[in-house]
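One structure follows; several queries about it will come next.
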Amino acid sequence: MDRRSFLSGLALLLTGCMPKSSALTVGSKNFTEQLVLGELLAQYLSRCTSVPIDRRFYLAGTYICHQALLAGRIDTYVEYTGTALVAILKEKPVSDHAAVFNTVKDLYSRRFGLEVFPSLGFNNTFAMVMRGNDARRLRLKTLSEAAAVSSQLRLGVGYEFLERPDGYKGLAAKYGFKFAGAPRVMDLGLLYRALQNRQVDIVAGSNTDGLIAALDLVVLEDDQHYFPPYDAVPIVRRETLDRHPEVAAALQKLSGRISAEDMRRMNYAVDGEKKDAALVVKDFLDLKPSLS
Amino acid sequence: MNDSPAAAIEFVNVTYRINGNRTLISDLNLSIHRGETLMLLGRSGSGKTTTLKLINRLLAQSEGHVFVDGRSTSEWDVIQLRRHIGYAIQEAGLFPHYTVEDNVALVPRLERWDVARIAVRVREVLQLVGLPCDEFSRRYPDELSGGQRQRVGLARALAADPQILLMDEPFGALDPITRAELQHEFLELKKSLSKTIVFVTHDVAEALMLGDRIALMDSGKLKGIFSPAEFLRSKDEAVEPYVTAFRATQQILNSGA
Amino acid sequence: MSLPGFFVAHKHEVLTLMGEHLWLVGVSMLLAVAIGVPLGILLSRRPALKSLILGTNNIMQTIPSLALFGLLLPVPWIGARADRLAILALTLYALLPVVRNTYTGIAGVDAPVREAAIGMGLTSRQLLWHVELPLASNVIVAGIRTATVITVGVATIAAAIGAGGLGEFIFRGLAMVDNNVILAGAIPAALMALCADFVLGLIQRSLVRRPARTHH
């Protein structure tokens, strides 16, 4: 009998409630901008609410962040409206910012019980980036112009861009790109280095990449409006908002307060100047008293 | 149905086949009287163990009927039938994870006897087989000698006080001294218990010593039933090899000593 | 930063991930035992099913864990939540050792013991409860022990599909090329496996009253 009660006690312990701490966990994906945004949410909420904040950064991708949010392992993270629309909700890409935001907000609420807050203020759309010299030499300003000479260009992309429906395939179809050879797939962090070292000629980067200004790179204009908007929006679990209603007010105040410029500068500070993300965010928040 | 009211066990035209065509018992007709000790004697493969197992339905006959206490074994609830019959085998088959006491008490416990009655019975039956309860009841089978294990096996078979006892070469694996001891005690036991005992053996000396009657089996057939005296006198050609062998051993022993 | 220093600085996160890992392993093992032991018992009663059940289990185990996770992703309801998926996959992996050992343990009961028990008039259920399971318990727990250690290991891969657990540190550390982070996941996982093995080993030993001698 002793043995049996010991074993059943153990079973109860394992299946029993994992006590959820009252802390609010901020998540992020595993590239620089996400780390900065994660820090931003974490530090901002620390400053204007009394909720204890936990961090769970470096989650290995959109799917994993979404799962973590659903399971309650994180309470919030910053997603991009276009990514949410296509990769998670599996809807067709759309160009209109407001339409995308409303669809995402509505479906996230109905399907997942997650609240989507208004954009932080910038659009981290995909950017097709070239070396400044090449762009000037070939007189390229838009993607349509680049399509004409695409057979001379080798393409570099990250894994997500290659596979996502709103990524490589759609782009190539829309503009008629025929790049030299197969796209070279690599880690996001290595794309610009490869571009700089002339291993590739054009990469699928992001509008807010810090290295764009620092390395004299040029973003080609998406003149046919292929890429859907990727407005940065905080997403929060409804249960979390119920537990901490002050968080909703705080996130509303954050809407529109971060520009693409701000983002590029912070990204560069971390990527280019090798500064600590937490420090960079702290400096940023210190300079914006209205956000404290 | 049974002919004589004294038949505890009856085989009527029993045949046992396995795999459809190998016949281990053919056309067996045998009547075992209540209270007698019947020896099933034969060589290996003669069908004696098979016959035994047909009594408690460990095996089911292919043709014919086996009657226990007047009822066909196929009509008996098989669990009740087996609880009604004590079963002791050569290897004893004691449960290694149970003490002597737990081994012996198992069937009474399953039959839901009350605790006091069980305790009394365990003591009684261990006494009967010559194992003082205080010394042995809490021992485990691997702490016992071969002879002691057989005694426990017998005690276990007797625990629920069945009317019928089946024994399959119970002393076969013991050394000669222990075997002789147990055979002697078995004879004493026979006198105090009035049970119907069916005892399988290949040892003619054992058959002659312990049995009231001897049923000789060969190749699945019953060759004849004899009292020990009749057996020794018999001129039956099936019996002769046994008697010859028996007398030869006797002669060697007599001349040697 | 030194490794111990890292652990101290991130102890909250380490504990959280360990808790998630324990949860994944715990639930899967409970399911594996709840399904596997009865299945093993069934097998001992109907040996004809042996090739079907053990064969299926074998196939499950042969599929590489990451591939199994991937295969289950599109399945409705299961694939919608990473932890559900992970627990299903982990349970499937843990089943084979449990089923096989239960079957072997029961089949390994000495023939004379089984024969005596049946001859004494034990019903099938009584045979199972009083004879087969107690005598097989050592082997069964050995199977559970193997399965648990396997599960702790495979659970680290579950992080790849978003189920959390110590694997998250490992994958993160690989992406960041940071050894401390990798070890922060790998060491607790290894310790967890060793601990489980040790504890179950103790349980296993306590179930054997003493080494059984063969009776001859």
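Letters are used for the chains, namely A, B and C, taken in the order the chains are written, and counting of residues starts over at 1 for each.
Keep this in mind: a contact is a pair of C-beta atoms (placed from the backbone, for glycine too) under 8 Å apart; a residue touches a chain by one contact, two chains touch by 3 or more.
Bear in mind the structure is a predicted one, so any value in this text is a computation, not a measurement.
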| item | value |
| --- | --- |
| Touching both subunit B and subunit C (chains) | none |
| Most distant chain from subunit B, judged by the mean position of its C-alpha atoms | A |
| By mean Cα position, the chain sitting nearest the middle | C |
| Mean-CA-position distance for subunit C and subunit B (Å) | 47 |
| Intercentroid distance (Cα basis), subunit B paired with subunit A, Å | 83 |
| Cα-centroid distance, subunit A relative to subunit C, in whole angstrom | 37 |
| Of subunit A, residues touching subunit C in the complex | 3, 11, 14-15, 18, 30, 54, 56, 58-61, 63-68, 70-71, 73, 187 |
| Complex contact set, residues of subunit C against subunit B | 110, 112-123, 126, 130-131, 134-135, 209-210, 212-213, 215-216 |
| Subunit C partner contacts - residues on subunit B that touch it in the complex | 56, 58, 79-85, 87, 89-97, 106-107, 110, 140-142, 146, 149, 153, 156-157, 166, 173 |
| Contact footprint of subunit A on subunit C as seen in their complex | 12-13, 16, 19-20, 22-23, 26-27, 30, 81-83, 159-164, 168, 171-172, 175-176, 206 |
